[in-house]
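Scrolling down, you'll hit the structures one after another.
Here come two complexes built around chain A, the first alongside chain B, the second alongside chain C.
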Partner chain A sequence: MEQGGYRSLRIPAVLCLALAAVVLGGGLFWPLDPLAMDFTTTLAAPSLAHPMGTDATGRDVLARFLAGGRLSLLVGTVVMFGGLVPGALLGLLAARTGGALDLILMRIIDGIAAFPPILLAMAVAIGLGGGLWTAVLGVAISTLPFYARLMRSEVLRVQSYPFVEAAESMGASPGFILVWHIAPHAGSTMLVQSASVFGYAIITLAGLGFVGLGAQIPTPEWGVMITGGMQYALTGQWWLTIFPGFGILFAVVATNLLADRLSDVLGGRGDA
Partner chain B sequence: MLELQAVRKSFGGAGIFGKARLKTLAVADISLTLGTGQTLGIVGESGSGKSTLARIALRLIAPDAGHVIFEGNRVTHLSGLALIPFRRAVQPVFQDAAGALDPRMKVRRILSEPLVLRKDVARSDWPGRIDRIMEAVGLPLELLGRRPGTLSGGQRQRVGIARALLMEPKVLILDEPVSALDVSVQAQILNLLVDLQRDFGLSYLFVTHDLAVAEYFCDDILVMHLGRQVEFGSAESLFRAPDADYTRRLIAAMPREL
Partner chain C sequence: MPKLIASRLLTSILALLGAAAFAFIAIRVAPGDAARLTLGAFATDEAIASLRVEMGLDRPLPVQFWIYLQDFVTGDWGRSYSLGQPVSQLLASRFPATLELGLYAFAMAFSAALAMALWGAHRQTPFSERLPQRLALFALGVPQFWFGLVSLMIGFELLGLFPGPVGRLPPGMDAPGGPTGLFTIDALLVGEIGTFAAAFHHLILPAATLALLPFGFLYRLLRANLADMSDASFALVARAHGQSRLRVLLKTLLPNAIIPTLTASGLIFGQLLAGSVLVERVFNWPGAGALVTQGVLTQDYSVVQTFILLSAAVYIVTNLLVDIVAALIDPRLRSGGLQR
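Let's turn to the complex of A and B:
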């Protein structure tokens, strides 16, 4: 089963690496400026000079697509760690202290979770003045409950096992039990959660960019690109929306697939 | 060796938000003395408080009243470094050997945990110690590279025993060590425990619901019901002439040999 598990990890891993390679390496082979306007070639269809065409101000869509991809990877990573680190610490603290502090912390987390994530992110972005990085902060806050609740329940689950009692009986300190027993279990669960948050962050920030609350025009960001290109979709300039849309789809599918397979491989409790 | 003096433990009581909850007396004023090289059985139905008693004896939970005494010293309220000699000397073997072994670790790592915690065995001696203990509990060395999930119930229980023995304990608290196993495997594990007791001079506190196993395995038996001691005596006298009604009913409920 372990063998099969690792095999099934191959496809999503290749997809994610391919995305990263294209987006990060593409800039080297396609050095056009994503912001450079050229009013002699506006709304040009895909061609050899512009494989993804140009937009209404003559900017190269491929250059913008690659820049948008780099931005998506960056915000995905920032949101992932921005939620993971405080979320996991909160969950750990709640589980280890128990009692009143646990109660207070988890009710705060419930409070955060009570908002629909996209609304919470919008509220934070509006409240702090809009723009990409306030939106990133908002999305990161909205992921806190995922991490904190999962971490808390994972710590409590592992702590309840007799092997922890056995460790205590051998004189293990709480710190030793944390490092030796809890971290390996909770770590793999957190990794799986992080991979799915990565995809969630990309699509949510693209959504916020689309409604004008995330990245601002003219930043090359996939959501913003779709907004800008939308009015041309009906007049036949499909390349303005299709390529960034495909970018979002690919990134989200690849990372979710990775998260799903990771949970198969790592979440197997090692009984294979 | 190990002594419990009128230990008492209850669970429940005041809940959150001051809601009154029913308080359950799990262990009520139980006293017992486990002599060196002796096997003392704690027998009772599930819910009789015998596992709570085992956890008190292991100092995993603190009693509400009474004392745990080890080699003449009260260890009831010791913690940290002061408790280390007790921790080394008194080791548990649990019923659920699957949950008693960390499923993510290979057997080699599971058996290195006590050596890490003991701190007094040089790292270069670990492989030799681990190999010897595997032999002592009757496990082939190939199993060192396996995870608990791929072992049989009997093999897992042997790993659990090996881990406890690596602490070089004087007392093993055996909490239903064979209850989850097939009858034939039960006999193998019980025989192993008898051999280990002789070879290492161990004292056993043996918690079980199985009277037949207790009769075979124990010198003295303490019968518990609803947290209280209902009878105490040598295994032989208890089965020949039980005093308490409850013990008589337990004995009557034993499956007869065909």
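Let's turn to the complex of A and C:
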């Protein structure tokens, strides 16, 4: 086990900041329109004018890459909180009330967890008519079990500690225990889980975009860009596929690494 | 033991009902029209109206759910309008291709994860621990469909070592006539070595791509289990008896580290099924996963709906079986005292 304390967070933190800086700041230095077509320079290889080349309709791949990155960071954040808030509340409710409600809530969570996450997101996206935001909703729903189960077990664990019993014996209200005892303990675990959900959301939405259920065609999204480049992947126009894929790989590895190291430092995920 | 089985059976049925209810709500009750979803965007209004009656969409919701459950359990999964065949037949005809791909992917993932975990645990050098960790981080972070494309760009286009995305066999080669539908096994059964070699060659890239996620997952699980147990008293005793570290690792630690991975089988099957949807499209693999992608792209959702609910059913049934097997192997689980 590497036990470098907070110093072990340095590499993933730098990677995540670099990602955010490039994706968010890149638009300032590269102001081309990701949707502007130019039929005089279609499928051009990377050059100084187009560092990542152009696609079949002459759109600048770098501009699309940066726009896709912004979208990925956005959906990652939306899914992270969209799953965290209801998931944590469900887990908390189940653990605090117990009994029949606990049983029912956790069986619903079991039912959701039975689907491979990307297939569950597909079901939701199809049922709601497809498109980026239905897919985002689907992915957020598929993260509910991660949060709810973890929150429930954390609350049950903390509740069983003598200091909680001591606080209760001195007349502490449930609200006080929640804020001063449960939240600090469960918070770090939820943080670790959120970091890994962020990367999971990016890779899953790209997968949905690849089968045509996420972002729709002109939208610059990394998964859709790879789909668009697929028919040119084996005819020499590698830049259409390679760059967006590296974007996903970098974003997911950086956030997963952050989650791993956070979990080592904070003793989160899996130790519950 | 019967009590354990009964209680596990009950939870499984509840989870299955929950999953079915979820799929029902997501696809049937959501604003979209289920009959329209099944018949596609170009169906006539009369066809949709008659299907609505046939599917019972004019009935109250609980009745609809009951019909939905009955149809699912009895294998009446509707028809695909674009392919004109019952969904059950379509899936059955495509399933062997997906099964063969999944089996090879699992074999690759498991053997690679095992080798890496054992190497790291035995050598304990920074290199032997970090390299597998980095590989696992990569395997869990890389989009599978993209990795598949890149493997084709390098292995097929650039180096010419592997066949292109043409499916299970080279164009023009006939499938080996055999009982299983798994080409590599059928080819061996009927003694066609050339067909076996071709089928195997076509399997390598897609199976390696599909293996990524289960590999990363299994490696981490095995490594954590081995690390947990290397300090256990029984390992210390074995070493104190003068057994070599390698012998202790293989004979004492490994069997104990593998059993918990059994409980992850349901999850692995799920990863393989979901992964096949993306990977089969990249390699034009004629399996059930490609059928699902095709259904999404042509807005022919009857196959897609069935596949999604089936994947949940596979997960739940696998977990039930694994729990029972685990309780048979490990008496501690029977008393219910050592629940995960």
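Throughout what follows, the second predicted complex is superposed on the first by the 264 of 272 C-alpha atoms of A that agree within 3 Å, B and C clash if a C-alpha of one lies under 4 Å from a C-alpha of the other, contacts with A are read in each partner's own complex, and residues count from 1 in each chain.
In this text, contacts are C-beta pairs under 8 Å (C-beta built on N, C-alpha and C of every residue); 3 or more make two chains touch, one makes a residue touch a chain.
As the structure is a computational prediction, the values presented were derived from the model and not from experiment.
Asker: After the superposition on A, what does A:115 contact: first (chain B), second (chain C), both or neither?
Answerer: Second partner only.
Asker: Just to be sure I read the superposition right, which of the two partners does A:210 touch: chain B = first, chain C = second, or both, or neither?
Answerer: Only chain C is touched by A:210; chain B is not.
Asker: Determine, under the contact definition given at the top, whether A:166 touches first (chain B), second (chain C), both, or neither.
Answerer: Touch partner of A:166: chain B, not chain C.
Asker: Is A:14 touching anything from chain B or chain C once the two structures are fitted on A? First, second, both or neither.
Answerer: So A:14 meets neither chain B nor chain C here.
Asker: Mind working out whether A:179 is in touch with chain B, chain C, both or neither, as first, second, both or neither?
Answerer: A:179: touches no partner chain.
Asker: In the overlay, work out which of chain B or chain C sits against more residues of chain A.
Answerer: Ranking chain B and chain C by residues of chain A touched puts C first.
Asker: Do any residues of chain A touch both chain B and chain C, and if so, which are they?
Answerer: Overlap of chain B and chain C footprints on chain A: residues 270.
Asker: Under the stated contact criterion, what part of chain B meets chain A in this complex?
Answerer: On the chain B side, the touching residues are 16, 55, 58-60, 83-84, 87-88, 90-92, 94, 96, 99-105, 113-114, 116-118, 147-150, 160, 163-164, 167.
Asker: Hey, which residues of chain C end up touching chain A in the complex?
Answerer: Residue positions touching the partner: 11, 14-23, 25-32, 37, 137-138, 140-147, 149-150, 152-153, 156-157, 164-165, 224, 227, 270-271, 273-274, 277-278, 281-282, 293, 296-297, 301, 304-305, 307-308, 311-313, 315-316.
Asker: Quick one: in the complex, what on chain A touches chain B?
Answerer: Against chain B, chain A makes touches at 103, 161-163, 165-172, 176, 180-181, 184-185, 269-272.
Asker: Taking the complex as given, what residues does chain A use to touch chain C?
Answerer: Listed in rising order, the residues are 1, 107-108, 110-112, 114-120, 122-124, 126-129, 199, 203, 206-207, 210-213, 223, 226, 230, 233-234, 236, 238, 241-242, 244-245, 248-249, 252-253, 256-257, 260, 270.
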